[in-house]
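Two complexes follow with chain A in common, the first pairing it with chain B and the second with chain C.
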Partner chain A sequence: MTQKLIIIGAGMASGRALEELLAAQPDGWDVTLFNAEPRGNYNRIMLSPVLSGEKTFDEIVTHTAEWYEENGVTCRFGEKVVAIDKAAKTVTAENGDVLPYDKLLIGTGSNPFIIPLPGHDLDGVIAYRDLEDTNKMIALGEKSDAKAVVIGGGLLGLEAAAGLKLRGVDVTVVHIMGHLMERQLDEAAGYLLRKALVDRGIKVMCSANSKEIVGKDGKVAALMLDDGTELPCDLLVMAVGIRPNVALAAENGLATGRGIHVDDHMVTSDPDILAVGECVEHDGAIFGLVAPLYDQAKVVAKTLLGDDARFVQREVSTKLKVTGCDLFSAGDFADGDGREDIVFRDPARGVYKRLVIADDKLIGAVMYGDTADSNWFFGLIKDGEDISDMRETLIFGPAYQGGEPLDPMAAVAALPDDAEICGCNGVCKGDIVAAINAGATDLAAIRATTKASASCGTCTGLVEQVLGVTLGDDFVIPAAQSVCGCTDLSHEDVRRLIKSQELKSQPAVWQELGWKTPNGCHVCRPAINFYLLADWPLEYRDDPQSRFVNERNHANIQKDGTYSVVPRMWGGITTPDELRAIADAADKYNVPTVKVTGGQRIDLLGVKKEDLPAMWYDLNQAGMVSGHAYSKGLRTVKTCVGKDHCRFGTQDSTGLGIKLEKLLWGSWTPHKVKLGVSGCPRNCAEATCKDVGIVCVDSGYEVSVAGAAGMDVKETELLAKVTTEEEAIAVTTAFVQIYRENAKYLDRGYKWVAKVGLDWVKEQVVDDLENRKALVERFEISQSVYRTDPWAEHARERAESYQPLADLTLEAAE
Partner chain B sequence: MSWIDIGSIDDIPVRGARVVKTALGCVAVFRTAEAEVFATSDRCPHKGGPLSEGIVHGQKVTCPLHNWVFDLNTGQAQGADEGQIATFGTKVEAGRILLDSAQLSKPAAA
Partner chain C sequence: MDTLTTVATDTFIQVAEVWVPEGDRLVLSVGDYNGLTAFEEASRQSSFGKGEGLPGKAWAECRPVVLTEFDGSYFKRIEAAREAGLTSAVAVPIFDEDTLKAVLVVLCGDDDTRTGAIEVWTTDSGGMLKLNEGYYGAAKEFEFVSKHTHFPRGQGLPGGVWAAKAPILMRDLGSGYKFVRASAAGKAGLTTGIGIDVPVPGESPYILTLLSALGTPIARRFEIWDARKSRMGSSGQAALVDGICEREGPLWRDDGDGVNDEAPTATAWKGPVGQVLGSGLPVVSRGGAGLPAGYQSFVGLPIHRDGALSHIVAWYL
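Entry: the complex of A and B
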């Protein structure tokens, strides 16, 4: 006897279930198939190749009209089911027909989520879900100069963007998170993906918040971001996620949560009603990828046949269907004990691979650029195989067990010939290779023939690596100290490559220079953060999470976890009002210790972190700003009273000190920078043991640099003698900037000058007036970003982050 | 296990941390990758440094006072240093961070 089976929804899951059922029992079922879309089952995940033109719709249809006819399936396409009567076991169609069933299968799939932005209901705002959406995008490609915006940098959004681009549309992807496909990829893979998409002409905006969709005559005209950017478009595609379509099930009394609740047999809360696909919720999870849906379909068929089968959730993997972007992601990156990463990067080929291991098993994998072995890795994840025997060579894949260690010179080998190695003399890699081929086989010969590394010398390491790469075993590279265990490159190498390769983000540095860890360590991160902000002040945004606690919290941490607060006193000058405000703050926040510092400031010690924003606010109200007593940056300019008061004073040393401090404050430097200005050679400001010391004399100003009064004590060396205050300021500024641009992170000025030589510094900032001017200009560009009070910003915008996330001591004991 | 909602994942910067005050002292709640959260004692066993103020790299944190490095999964000090910090169960559901309070009502292991 045949049973009546009604299926609601002709999607990929219900189609597969039907196939399995009829294959096992061809004559047992009288099937009626409803579908709201006016067509039968097709392979929805292949819509992207249809959009890009690589396939036609006919090629992705899984069940043809003939198939339905041969299998005796009654098709009611373009018709919805409006009600289910569980007691009577009937469904009601849109046209009023009431049909009885023995078994009912719900496969209503999911609805795309539409962000309720103002203007979301305008004509031309679409999701990316079905053939209608796809056809609208294809039609747009036939217009000339068509523009589209895709909101959402996930799998679907990027496939839509790539397809639109291939159709000749100018596309911008707007993504709210910091990198693309953040649920499947880490930053490094996200960086490579973004680069590949940008290379093919797709604009990508990350960390971008949509504010409003602007319309004209009822049709979409532009997307407005919350920073005021307006992106004109003829079509706006929202691809920000899906929600299980539970409406019909919920209205008719079936148990639902995020999806329709099913048990392991795919049976809903009613024993004669089953559900399958994106509309279901199983054991708290919902499903969007195809592999688990096919598993569910098998279980549905078995359950209908009366066999015992159970759906078990398994690991899923993701691949992006954009031709030329090979990426793969699988497994678990979320929890687990004692996990370890293995990272492999090949900058030359744009390859990134990361494996996550726990308890000698592979639990997750991300790959970009080379996904040939992805199935092998996915198999290891699914099977939970013990990989301890092949751990060392695991990352090289199945064909390459017992490989060589990573090549430390890969980053330099990957450089193009036009990559500039020596910045001082403008020498490219190609010039050096040519010189080597012409017979220059050591550093001295390269210096003599190309001048590379013959000036400041900071590119010596790179020149040696080019020699090594070109000559192979014939050249032994002297050991240079690498930044840290994350890389074999030295600080100088990294700085040079950041400039010549125009690397403008941390993920770019990690990938292009072949970092061995996913995201650096406490040694390299602050250095790279500094190099990037010093070289690209307008493009790179400072990363507080790559800073030591003092620079992140803009105060000095003490041994007991409290902080010290030092307001700025320009040139060491203060007023009774400022002193009263400092005294009031000390009282109000119970400051246990108030101390005068060696740099002519007042230090309030023992402040609790929670009190910092309020204390800063109070000090701001009295006109005081951060003294940066915590930063690798300009600290203080110490002065004497100068000629206004002192009978020996020759110039206005206090005034010059204040001018310099107002010019230089807020700038980040490789290490701290302290200045002193003395009004006469008696040198009461102790200027000659500072990083820059100015001593005023009758005939002008003696600017000297590279002093020290810490672990080492060293007198400054004369950089220049100038006649005017303007010149003294310009020479000082140029010196600070050239130090910012060239020194190794955590080298104080005197250490750096010893490496490059005072003569080279003199050439650059004293003799070469053009260069001095250019240095001052670049400093000013940087200061347009950084000459600002961090206390005011933090008190205004980040005060909340200084408080505990939660206080559970107030909760009742459980 | 009993889970307490302590806040939104967006309240912690990526590769950053925040502190939760408990009857047993401060607990540091770390966020490493986009949606990966760990909780440990906030106190470095060396000299009591606040680990929530350390630099977070991979699944490790470096103490801000003397650069001891701890694995956030196991609480073990790395390299030549020897020490252990207590770790606490966490999970993230629908963007909310849940902390396992069962462990917080008895003295921490370390």
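Entry: the complex of A and C
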């Protein structure tokens, strides 16, 4: 005897369940299929190629009218079910029909989430969910100069953007997170994806907050961001996520949470009602990708057939359906204790692979540009296989397993002459060997003659190995002077490449320079952060997470965990009001020690971390700003009293010191920078042991640089004698800027000058007036961003992050 | 799409032939002359030096070349072509980096009755794709529109292929494509379009598009095979990533779960696609074994990129 099965919702999950059921028991069921959409089952996830024109809708229909007819399925498409009577075991259709069931399957799917921004109900604001949405986007392609904004840089949003672009629409993707597809990709893969999308003319804005949808005559006209940016558009697509559609189930008394609760057999709280797909919640999880839905569908069919089957959640993987963007992601790739990363990058081919290992098992994989072994890695993740035996060669995929690890020199020796060594410049091993035979016997000569290793530099090690193999013992591979273990490149190489390749973000550096770790380490991140902000002040945003603790907390941490706070005193000049404010702060926050520093400042020592924002606020109110006593940046400008008070003074050294400090403060430099301005050669401000020291003389100003008074003690060297204060300021500024642009991170000025030679610095800063002017201009551009008081911002916006995580003085009640 | 409802007997392309380098000349390797035996015979007796005739020009200039009129041109087989009713031809050089592997030549005729388009796009000074040359048969309005259309990177079939560095098969040329030539394409009856990047030495990109009309189709079955190592690993195989067939319907298989194990694969030297995969050369065949049911002829075009075979585009009639 046939049983009556009513299915509500003709989505991918219920469609698959129906297929499985009828394949197993073709004559056992009298099926009625309701669907609110006026059509039957189709492969919803293939709507994106329909949008792009790479598929037709007909191609993605999974069940045709003929199929339903052949299988005796009564179709009620375009009709909603409005009520379920569990006791009577009936459903009521929109038109009032009451139909009995033996078993009911709910597959109502999900609803796209619409952010309730002002203007979200304007005409032209759509989700990306069904054929109607797709057709609206296709229709936009017929309009000349059409513009669209897609909110959401996840899978669906990006597929919508790519499809619209192919249709000739000017598209901007607005994404609230820092990188695209953050749920599926890490930052490095997100960077490559963004690069590929930008390359095809799609504008991408990350870390962008939508504020309001602006309308005109009831129709969408623009999206306004919270920073005031206005993005004009004719269509706004919101692709920001889905929510299980539980309304019908909830209204009719089925247990629901985020989704319709189902057990392992996909049975709801009513034994004769099953649910499947995106509308369900199983063991706390809801589902958006297709693989688990198909698993659920199989279980639904088995349960209906009376067989025992259980749905088990499993790892899912992701693919973006944009032709030319090859990416793969599966498992868990968040950072965590006890996790180990294996990273492979090939900048020339745009390849990034990262494997995450925990307890000798592969738990996550992210790949961009080369997904050949994705199935194999996915299998390892799903099976939880022990990978310790193939740990060394795992990243190279199944083809490399089982072999002995290669001696790198032997591997290079075995390479044929046509093997490419330098992907950037297309230089083969044979070319390099020929250059060596012609007399190029070191790396610099190889770079000059063949260009190998002259672009991204990641093949430097290989080129050196070719030199080693060819020249034998005559060539000693230089000991690596790399930034850290994350890269073989030196600081100098990295700085050069950041400029020449216009790398403007950390992920760009990691990828294009072939970093061996996903995100750098505590050694390289501060350096790269500095290089990026120094070279691209307007494009790059300073990353506090890449700073030492002192710079993050804008105070010096002391050995007992308290902090020292030093307000800035311009040129060492203070006022009674400032001194009172400092005294008040010291009283209010129980500061145990108040010390006058060598740089003519007052240091409040022993401040608790949680008191920092309030103390800064109080000092700010008194007109004082951070003294940056903790930073790799301008520290102090020490001055003597100058000609206003001193009978030996030749110029206004105090005034010049204040001007310099007000000009230079807030700037980040490779290491700390201290200045001194003395009013006469008696040098009371001890200017000649500073990074920049100015000694005033009757004829003007002697600007000298590269002094030190720390572990090393060194007198400054004369950079220039100038006659006017303006020139002294310009030469000083230009010197600071050229140091910022060229020095290795953590090289003090004197070390850097010793490397490049004072003559070169003179040529750039003193002799070449045009260059001096350009350096000053570039410094000023950078200062337009960085000449701000970090205390003020932190006191205003981030006070909560300075609070202790827990009060450990409280004890639990007995 | 189980049964073929309309059988088009007339086709846009009449002849397809493959010329391969031998010493310093191009010689005929294989051809599908579709019964035009006199022209076949003339071809077999021909060979071309670099810069000589149509195949030699494609070789010398390192770009696809479209020749819409033979009379008075550098075309060498004018007499034989005229007798065969052939009036125009397109030569597509297949380079593996700097090395010429072969030149595929297709010839067409009956300009006034046959509709379709074979176009070559390359960049202009503004960095947009513009029509370099094209052959349209009777689709005169579409030809006019195409000559006045530019594609930025990522836009339309040519711009999409350029950005993706991969062949793209588009279905609905007749709808949607606003200034991207839709209305004209619809009027011309053009339905399916395949865009192919043609890597050649030099900086300029060349995109070949074949636009097929229902009445005089370029093909009734198109396939795109992905042979990149970055997808297929070291298997040496190729996967069918997209395809459409008048008989079998869509040929692609994708469950959308991110795992690439649904797509059919081809193995080197097995079947016509396998011949292209194994040899790295274009393959043209007629009536041979291994063709899908109902098909008589096959053209398989390899694309080499970065020193390896990356894709195969195949079309069948």
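Everything that follows uses one rule, which is that the second predicted complex is superposed on the first by the 720 of 814 C-alpha atoms of A that agree within 3 Å, B and C clash if a C-alpha of one lies under 4 Å from a C-alpha of the other, contacts with A are read in each partner's own complex, and residues count from 1 in each chain.
As a working rule, a residue touches a chain if its C-beta (ideal position, glycine included) is under 8 Å from a C-beta of that chain, and two chains touch if they have at least 3 such contacts.
Quick caveat, the model's predicted, so the values are computed rather than measured.
In the superposed model, A:521 lies in contact with chain B only, and not with chain C.
With both structures placed on the common chain, the touch criterion links A:561 to chain B but leaves chain C unconnected. Within the superposed three-chain model, A:46 lies in touch with chain C and out of touch with chain B [touch as defined at top]. In the superposition on chain A, contact of A:341 is made with chain B only, not with chain C. Once chain A of one complex is fitted onto chain A of the other, the partner contacts of A:553 are limited to chain B, with no touch recorded for chain C. By the touch criterion defined above, A:437 lies against neither chain B nor chain C after alignment on the C-alpha atoms of chain A. Of the two partners chain B and chain C, more chain A residues are in touch with C.
When the shared chain is aligned, no partner comes close enough to touch A:699: not chain B, not chain C. Within chain A, no residue touches chain B in one complex and chain C in the other. On the chain A side of its complex with chain B, the touching residues are 177-178, 182-183, 186, 333-339, 341, 517-522, 525-526, 544-549, 552-553, 557, 559-561, 800-801, 804-809, 811, 813-814. By the touch criterion stated above, chain C contacts chain A in their complex at residues 152-157, 159-160, 163-166, 168-173, 175-180, 182, 228-234, 242, 244, 249-250, 252, 254-261, 306-307. Within the complex formed with chain C, the residues of chain A that make contact are 43, 45-46, 52-56, 59, 138-139, 141-144, 146, 162, 165-168, 199-202, 289-291, 294, 316-319, 321, 323-326, 328-330, 349, 351, 369-375, 378, 397-399, 420. In the complex of the two chains, the chain B residues touching chain A come out as 2, 4, 6-7, 11-16, 18-23, 26, 29, 33-36, 47-50, 53-60, 62, 64-65, 67, 69, 71, 73-74, 91-92, 101, 104-105.
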